[in-house]
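Got some structures for you, see below.
Here chain A shows up in two complexes: once beside chain B, once beside chain C.
Showing the complex of A and B:
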């Protein structure tokens, strides 16, 4: 693509079976942008639908997009696409990680790395610009992620960016991660690398990413974004009343305030008052430690960190001397579920300190082993199995008695030291907690109560939990949680809902974006489904997919709102299209870019149809467990105070979303017309040949 | 220097003082302006303030009437809402402060009010004082719309039933305090 910038122009192909290393041009994938789009396109083209995740024929694609590495705010995500071991039908899925890995990949000259085959012995992939080689990883195999990363960097140089698996990935635990930069993890695909005997990828890139636009225009756009950006999750009001702010919200992640410190910094750093026009203090706005780890964490917080080119800094770096007694480093960094996962495992902890230690120790252990927790579900599965006496039934007596249940009952952090090792090394029956919820439920014969108890937080019969679902604007969040083959990792809607602005302003902005104020309800006071909500859901999904392809952080973008009263709190939803146009030189409108996103989302759907061998997505894929409709038995759906949904209303919601996306309103499968419209004639032909288009039956 | 020039210098001094205080998050009670020049009496201060209000170059300077005093701030650095809140803090008018916050939260967002917000800036109420005041308020006629509601984890919130139904307040409290936090 000589006339376009942004892309590096090459995709690296590494065949681990033959050892061959080659490149191909990115150009043929440009209609799929990058990231997730490239990943899904390659998987569609090259991985047959009856492939299992750990088969040699499976592939794993690490991909960046045209914005990655440009230095535009929040553009350092790496998208990883492959089959999902934790999905009971091994359906396709993508995971993502932050840090610096994908920018380095672009600086080395690659838009993506496609890993194929299986190495005969453990290897790691070394990339230094055009010099690519497979190196012996025999001595790395068996190490945790921290030592692996240090050793690869030791061999390549400290400027190397490394993505690695730990023992969990090596042992092909379904719930395992790939991690970069010590604490940025992509959940669900670690075992794929393990099955290929690929321990790590180390990259040094010395080139640059070119963008098409005039330099002055590029800088102006970046400065504009910095002027309207909020805090983490694009929360645009502070969490306490502050002089500059008309509004505040105690739930906001704009936690900076007088008297709140990075208490363990060399010299205490007060987060203080951070008015939006002070763009040098954006990095102070989100003191995330107190959100994730509690008020106790203030004294342990060294600083906030994060990804390349991101001003938000949402990763908490804490120094916890108490961790050393558990045999781990006192220095730990992570954010959000990276900490919360371990609360779910050890829910019996009562003291604030024990909760804090569980989260920080758990993060340290899990990040080193490379364990994933299915958005907290592993811990809830453990609790269910323990509380219902199932573990006593399924574990051999000797194994059951060997596990320190007394520690579990007290919520003692030492329990995590024992449990996580068993899971990572697949030691004993208990290690099947790492299989994924659906597989575990089948293996241990969980009853219907497992699926239908609200406290288990399951969403889909495919075994993934609630992730900004019915609690996030009712039908909108619910629809978003149906479409992917894992928890959706979509924050487009959640960021808007959680902005902190009064409902009147939110409704005005909703009307401007999705056509009606009815797109957003007052929380816990829902109204029946309507077209504006369908548009909101479609927009959220399409933007999420675009971000995972461009790559842009969906925990920040779209910037639908802003903290600026002079803009009447409006953000700018055209930013993705502006950046794409200025980076590549391919001028696209907001609507045109959204269509590209719809193409990628439709490809995801088509791949799911192909893999399932099923057209009826509505009934075979897009299902919701019963508690969502049966909770709060003393209330009806749409009563004030409940977030329960109505079955008929949700079926109507699905129909409306399918229509908005151009999918068959009855089945939710991509239609021939839509596939033609999106330039996916080859996908149409293949589905037709397999009798997988709607109306063919 | 002519009297007019002297006047202008004093007004500039006053405006600078107010803007600086506002940038620090503080409002200025009118009588405090005497600190700028000890020779200023109450009448002269009022005259200076009236001149400030009528001069376009000081259009950011606002005067706010509290229960017990009059306060000045610059809206370049402070919203009227915050200034109004600070006036109540200055006057130690805790009940009105809490009531106004809770009513606004219930009406415009809408959401129940986490009482922990009153322990932080700019309120800094002690736990014991806060609970005592709340217990008094819910028994008083002036605040009969202010109701308590607890989340399942015991966290206390307040809402105004003039703007929010009880069922909604209960569900929303659980959503804010528990459900949203468990799905970070």
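Showing the complex of A and C:
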């Protein structure tokens, strides 16, 4: 891509079956930007429907976009695309990780790495700029992720960035991760690497990533972002009253305050007062440990951490000497569900200390084995099966009696040591907890009550749980939870409604972006579906896939709000387009870039249609389990105090979203006209040949 | 895996690529430096001294969270591109495993896969800089405004002798321009410090340098 900057310009292809290593130009994928867009384009072109995820014919694509490596804030995400083993129909999906991996990939000269085939024996992929080789991984096979990372760095050089699988991935556990830099995990595709006998990828890059704009403009844009960025999830008000702040909201992740410390740092580090204009304190704003691990964690906190290029430090790095008695390192780092997953597995712990140890020990074990928890679902599945006596029925007596259920009853952290090993090594019937919810429910014959009990938190018959759905602005979050083939890794809407600003201000800003204040409701005081909500849902989805393609963190962007009173708390939704234009030199407006996002989202939809062999997405894919409509039996939908949804209203919501996206309002499948409009004639032809366009059948 | 195997794997190449190249170069040139005799702090070669710089940039290993914004801010200001490999402040190379690289006991060593201590390396603007003394082209001079030891790109031929000579591994030959790079103090307002989200990077006046460096070494030694 000689005329454009931002992109590295090359894609690395490694065929593990033949051992061939080649490159191709990124230019042919530029309409799909990078990251997720490249991943979907390659999967669409090259992996036939009905391929099993663990077949040699499946591919896995590690990809970044033109912003990654540039130093633009929050741009170190790695997007991984392949078939999803944990999806009951093995539909395509992405997993994502932060860290330092994709910037290093760009500095080595690649926008993406495409892995094909299957190695005859365990290998790892060594990338030093243009020197790429497959190395013997016999000695690494069987090791956890931490030792694998250290070994690969030992062989390459300490600055190597490594992505690896643990025993769970090797054993092709459906719920397994690919992990980089100790605690950045991409959930769902570990087993794909395992099936290909690929243990790790190590990268050292010594090249630059260039941007098209002159350096003054580039630096000014970065400085502008630093001036309007908030805390994690773009929360723009503090959690406690602060001298600089007009508003505060206890749920905000801007937790910095006087008297709150990184309590285990080698020197005294107080998070303190962090006014927005002090950009040298942005990294203290989000003291995340107390959010994820409770007040007890303050004294254990060494520092916050996170990804390359990101001023928001959302990972908590804690030192917990008590963990050594469980045989793991005392140093643990993670964030959000990386800790909470283990609370859901071991829910019976009563003391704050045991909960703290469960979360930190669980994180350490899971990150080494490379286990994924399906956004907390694995633990809820265990609880359901245990509480309903199902485990006693499905597990052989000998196995059942071998599992320390007394520890489970007490919520003793030691239980995790026993359970996680069984899942990672696929030992016994209990290990099917790692299959994914839909497969597990079928295998263990869970009843309808499993799906329909709100406390199990399932959202879709495809076996994924609620991830900012009906509790997040009603129909908007609900729609966002329908479209993907796993839990939606979409925070666009959540960041906006969680900013902490008063609802009046939120509504004003919503009106400016989506045309009406009706785009958002007062929490749990919902109104029926309307056009502005459809626009909000579309915008959230489109920005989400744009971010996964550019690649930008959707846990921060879009910056629709800001902490600045002088801006009347407005953010700037043109930033993505400004960055894209300045990085690549391909000048696009906000609207044009959003259209590129719609193209990528539409390709995702087309791929799902092709894989399912089904046009009727509305009834065969975009389904919601019953509790969402039947909860709170004494309340009606739209009553104050409930997040209960209405079935007819939700069908109307689907229609309106489909229309906004240019998809068939009846089936939710991409139409011939839209595919033409988006320049996807080849996709249209292939769907037409397979009788998979709306109105054809 | 046996312990012997582990040791073999861990210790194969515990240095960065740049350090590796440098050591190869040293061998070839027969000009190996005995690092053990070097002062821990700002280094002095035997040869002539220069007027001191106004100060130096130092990273606090307790406050640094490893975001590496400093690296891309450095090269944005100095080079107009994003290029951590040539950044005059180096955080990435020690990010995962500290200065020593992955050892058998990496989980208790420095770095993000260890005890979380991140050790950023910076130029000490040495009183008698080895980089200047090593340069065969007389291409490194003292900046009039800040006293920083800076590279004259017109004179530099990219031989890499400054990179070899520096005990802190700061000068780096840009593989894209074939010119060496080193800390310029950014005309007195170092971009790395200005953009650090935790204020971990400070531009410290010369009279305070010694005690700050001693504190820093103690923090690293203690870990």
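We adopt the following convention: the second predicted complex is superposed on the first by the 697 of 697 C-alpha atoms of A that agree within 3 Å, B and C clash if a C-alpha of one lies under 4 Å from a C-alpha of the other, contacts with A are read in each partner's own complex, and residues count from 1 in each chain.
Here is the rule we go by: a contact is a pair of C-beta atoms (placed from the backbone, for glycine too) under 8 Å apart; a residue touches a chain by one contact, two chains touch by 3 or more.
Because the structure is a prediction, the values reported are computed rather than measured.
By the touch criterion defined above, A:130 lies against neither chain B nor chain C after alignment on the C-alpha atoms of chain A. In the superposition on chain A, A:447 makes contact with neither chain B nor chain C.
In the superposition on chain A, A:267 makes contact with chain C only, not with chain B. In the superposition on chain A, A:679 makes contact with neither chain B nor chain C.
Contact with neither chain B nor chain C is seen for A:327 once the two complexes are overlaid on the shared chain. Looking at the superposition, the partner that touches the larger set of chain A residues, chain B or chain C, turns out to be C. Residue contacts after overlaying the shared chain place A:250 against chain B, while chain C stays out of touching range.
In the superposed model, A:120 lies in contact with neither chain B nor chain C.
Legend: residue contacts after superposition of the two complexes on their common chain; A:240 is shown touching chain B, with no touch to chain C.
Considering their complex, residues 69-71, 73, 100, 103, 107, 128, 139, 142-143, 146-147, 149-151, 153-161, 181-182, 204-211, 214-215, 218-219, 222, 226, 265-267, 269, 279-284, 302-313, 317, 319, 329, 331, 333 of chain A touch chain C. Per the touch definition, chain A reaches chain B in the complex via residues 240-246, 248-251, 257-259, 273, 291-292, 336-337, 340, 457, 466-468, 471, 498, 502-504, 522-525, 632, 635, 639-643.
Interface residues of chain B facing chain A in the complex, by the touch rule stated above, are 22-23, 25, 77-79, 81-82, 85, 108-111, 114, 116-117, 120-122, 165, 167-172, 175-176, 179-180, 182-184.
Of all residues in chain C, those touching chain A in their complex are 1, 5-6, 9-17, 20, 60, 62-63, 65-69, 71-73, 75-77, 79-86, 92-98, 100-102, 106-108, 112-117, 175-176, 191, 195-199, 219, 222-223.
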